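In the two complexes below, chain A is the common chain; its partner is chain B in one and chain C in the other.
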Partner chain A sequence: MPKNEEVLQQIVDILKPKVSKDGLEVTAELDLVNDLGLDSLKVMEILEDLEDTFDISIPINILPGIRTVGDLVAEIQKLSDDK
Partner chain B sequence: MQATPTSHNLPLQFENFTTLAQALDYAAQGETGYNFYSGRGKLYATLPYAELRHEARILARKLISLGVSRGSRVALVADTHPDFVRFFFACQYAGFTPVPLPAKIQLSGRHEYVNQLERLLSICQAKLAMATDDFMPFLIEAATRLDIHFVGNPQTYDKFSESRVELKPLGASELAYLQYTSGSTRFPRGVMITQAAVLNNLSSIIKHGVKIRPGDRAVSWLPYYHDMGLVGLLLAPLACQISVDYISTRDFAMRPRLWLKVMSENRATISFSPPFGYDLAACRLRDDEIGNYDLSSWRVAGVGAEMIRTEMLENFSNMLAPSGFNPQAFLPCYGMAECSLAVCFGPLGKGMLTDQVDADQLAEHQKAQPVKSAPASNNHRSNTFVICGGPLPGYEMEIRDSEGRELPERQCGTLYLRGPSVMSGYFGDLKATREVLSPDGWLNTGDIAYRIGSGLVITGRSKDIIIIKGRNIWPQDIEYLAEIQPEIRTGDATAFSILNSQSDELAVVMVECRETDNEKRLDLIRRLNRLIRQELGIDCIIELVPRNTLTRTTSGKPSRHATRNDYLKQFAAGNLENRPEINA
Partner chain C sequence: MTLFDKFAQLANARQVIEEKCSDFFNIVMGDISSATEAVVNGRKVILAGTNNYLGLTFNKECIRASCLAAEQEGTGTTGSRMANGTFSGHVALEHELSDFFERSQTIIFSTGYVANLAILSTIVGPGEVILLDADCHASIYDGCRLGGAEVIRFRHNDVGDLEKRLQRLAKRNTNVLIVVEGLYSMMGDRAPLADIISLKKKYGAYLVVDEAHSLGVLGKNGRGLAEEAGVEDSVDFVIGTFSKSLGAIGGFCSSNHAELNLIRYASRPYVFTASSSPSTIASTRTALRIMRAKPELKHQLWNNANLLYSRLQGLDLNVGPAASPIIAVRYANVEDALVIWNGLLELGIYVNMVLPPATPDGGALLRCSLSAAHTTAQIEKIGDAFASLTEA
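For the complex of A and B:
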């Protein structure tokens, strides 16, 4: 079972190439839309990567509650624990 | 589990139905039906028309037992799922009007989605409401302040006992459904479509648009809450008894290649998408997969729902040529929810036919003067438009100037339509209905177009609409978000779109603001940026201008068109604070 920090690192690795803002360090507190500037299509690409990387299925109803990188990490952690 | 078959023995019939219930009664005599695929491309449910009819009739009796009156609106969160389809047809047999609601939620968008659902439930005065478990929490929250007789998931509805009354399906003059336009989320309008109207459109689509033949099979990822997904890919296949394979819209957005995989595996012949969908599929194609698909059976690749840009389609067909995709399969079409769905189809099997016109003549005189693509005319700027074909039988079209006079061929004006599948009006909104629908049946589409013979060319959709990465954004929604800020007064914001150097649309909002403190101005811009992203999911260029500098119409409202021209002039002169590259 991956630990929170490992999950965070893996997610940061997935997010990094999708973020258009150069030199921005991706940390847990950052807002995915407002700080990282992710649009809805980028979000979809990221979800695909996450599903494939963690071999999980991300239910659509968790999206509205996810605002920050930290929120995303917590949900992914939960989904891969429940597997 | 096995998908419903493509070939079957039930003779093709589509012209004698006057209601959707009749169409299903007939289709239920065959073996075809609907199939549902998961995000991993696995078939997870089948719903043959025979089973759909059986289950819809049982559910109809359960709905009737709830005691709401005939014609009551039943709001259905339109997730791509067999339960939505079952409820939609249960309404047909029970005598209720189904109202598909959007099943579309974004990151941190809970609040906006709940508000949107509440508005939609309230406008149609829904008596019953249903969502699958994924969407149930949002529906319940949206319904708390409303007087709705019953709100539940499919399982709770299924527990009710069946009424013993004889089923009286919706008749030809009753509404078939209420369809919210894909327009403004803040000011939504519910299009009323009668059974007679939609059945007329379905038979025209089947006979003249797509020319259904034995061996046809459709694939769709289009949402059931849009006209193209609901009428074109749910109702039309049933009305001509062919099988359909569905992928949910969200799964398509996440894994666009699924579309091609299912098309290929099932040797499907028909699919429709906005240009944006073809673009997305092409962008996310992986090199090692290109030759793996077999798209040689794909004979109708319908393109509609937004302005058609040929480059996107060319890119798609070039990339998928090794998979046997035939560019002649592209079928341009034009339509809108207010006409049930379709108004024009291009000629089948001819691909994209285009018209190249002089850009200066078009901009200055609204005249579509053809240019030769020969090298000699290289010094002329030109625009290329797709010819959407002629109107379906029974439809009349006129291009009119701002005074209402009919314009000759190749002159741009507003497109008016009259025909057998036009809506009865917007539900509960006589004012909005009168604005677009005249007593003698002419519909003002708001779209800008010209005519070549009987062929229609659209040059601008709904003059103000902003389309960004396939999403329709209505300027009044952006303006509203600006105007609810304490620093900004109502009527002091105007939104429009411009094109960047790659011809992509960018949204701009110009706001009159008396605040001079730089820090406070920046704060306003940041706040507004965040709000627009949250509510509408797009980036927007925000330009603060001094008071009384926006160009206004005689009624005092800012003119979007004139402001846009001012903006482009100032931009060219380098007078603006924001460069599109900065925010975009």
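For the complex of A and C:
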């Protein structure tokens, strides 16, 4: 199972090209919508990339509970552990 | 922070569009003189975005049946199907739909939206899984959200992606319900049903096909994509609407699973809403009878669809890979779509404009839907309007 830091780094790598704010460093504390400016379409694209990367299926029921990059890391970690 | 601060982003987005395209938020249909003509903002237009596939909204028999039912049974049922809202017409329509689909059970609902809400929130529950195509309609998403099942999307029409997700679920040994549409409402493309059914059988899943846009449009008898693909026996639940080919409002679910009937007692969207009015039921029953008796309506619809598709394709517009009664022209740039949509309206053509996030790829769509009631001259006029704006 991947370590927390590894998951964070992989998520950051996936998020970076989708974030339109130049020079912004993506960290676990940042809010996906308010800080990174992601809209619902981009969030869905990101989820698909994460699913391929970690070979998991992410239920959309969990989305209301995900606000920050760190929340996403925790969910990916949990789903990877449950595989 | 006030209650309404959260709508600020929406208000800004609306303002940006309104400044460029003021009519977009003010489309009011007046003087609706036929299935294909109305007055919009003082201008007579051809309606090319109404989902009125067979043109039955102005069918004289349907109108007469509707008026007669109102006179005989009143304007509304004033109650739920579970209480005082089951009239003989509701039961008869359920039987007629079962006969049409050659399935043992049918439940009707007050709208197509409620049909999806009722079935998808109830038929699977906690511990079970829904696998839905990413491009499914909002009513399918909302139905999933209302229930307790785990909801997983697969990439639109991507059978490989669906299988990957079925494989991941295999060891959980739980019930899986796959949900797809016959014709997808935005782009008018079909689900690869035969391949999906192979996977459904391989992994022991169940399958819902929403035939909202394909009822009366696909299949020898108009039963939809499942009939066209010759796979009806492998579809567990057919969901559909009365608000498109049947020209009224309402929804249904048909199945050969005898247990479908139990949904009536378990589904909150079925129990806690008023049933359809007698006039709606009467016109729907008449429209169903006409749809079955007059396959020429479907043929005329396809003639019209093929004609417009070839016109738009000839203009090098970005349309889908195959003709369909839903023809969506894609624009990568939203502003380009706003200009063309405005221009079409000025030339007397109404089509649907679909903006992100309702579009599949973040661009904009000008979505035409054809009707059997369109004349060839009207279709040519729609094509001419696109041509003059595209070549300008």
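By definition in this document, the second predicted complex is superposed on the first by the 83 of 83 C-alpha atoms of A that agree within 3 Å, B and C clash if a C-alpha of one lies under 4 Å from a C-alpha of the other, contacts with A are read in each partner's own complex, and residues count from 1 in each chain.
The rule is simple: a contact is a pair of C-beta atoms (placed from the backbone, for glycine too) under 8 Å apart; a residue touches a chain by one contact, two chains touch by 3 or more.
The model shown is predicted, which means the values in this text are computed figures rather than measured ones.
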Inset, instruction - Using the touch definition from the top, say if A:N34 reaches chain B (first), chain C (second), both or neither. - result: first
Inset, instruction - Could you say whether A:R67 touches chain B, chain C, both of them, or neither, answering first, second, both or neither? - result: first
Inset, instruction - For A:E48, decide between first (touching chain B), second (touching chain C), both and neither. - result: both
Inset, instruction - Going by the touch definition up top, name the partner, chain B or chain C, that contacts more of chain A. - result: B
Inset, instruction - Examine A:P59 and indicate which partner it touches, taking first as chain B and second as chain C; both and neither are also allowed. - result: both
Legend entry - Overlap of chain C and chain B interfaces on chain A (superposed complexes): 39-41, 44, 48, 57, 59-61
Inset, instruction - Mind listing the chain C positions that touch chain A in their complex? - result: 134, 144-145, 150-153, 155, 165, 168-169, 356-357, 362
Inset, instruction - Name, in rising order, each residue of chain A that touches chain C in their complex. - result: 39-41, 44, 48, 55-61, 83
Legend entry - Complex contacts: residues of chain A adjacent to chain B: 31-34, 37-41, 43-45, 47-48, 51, 57, 59-61, 63-67
Legend entry - Residue ranges of chain B touching chain A (in the complex, touch as defined): 39, 105-110, 113, 134-135, 137-138, 250, 253-255, 280, 284, 469, 471, 529-530, 533-534, 537-539
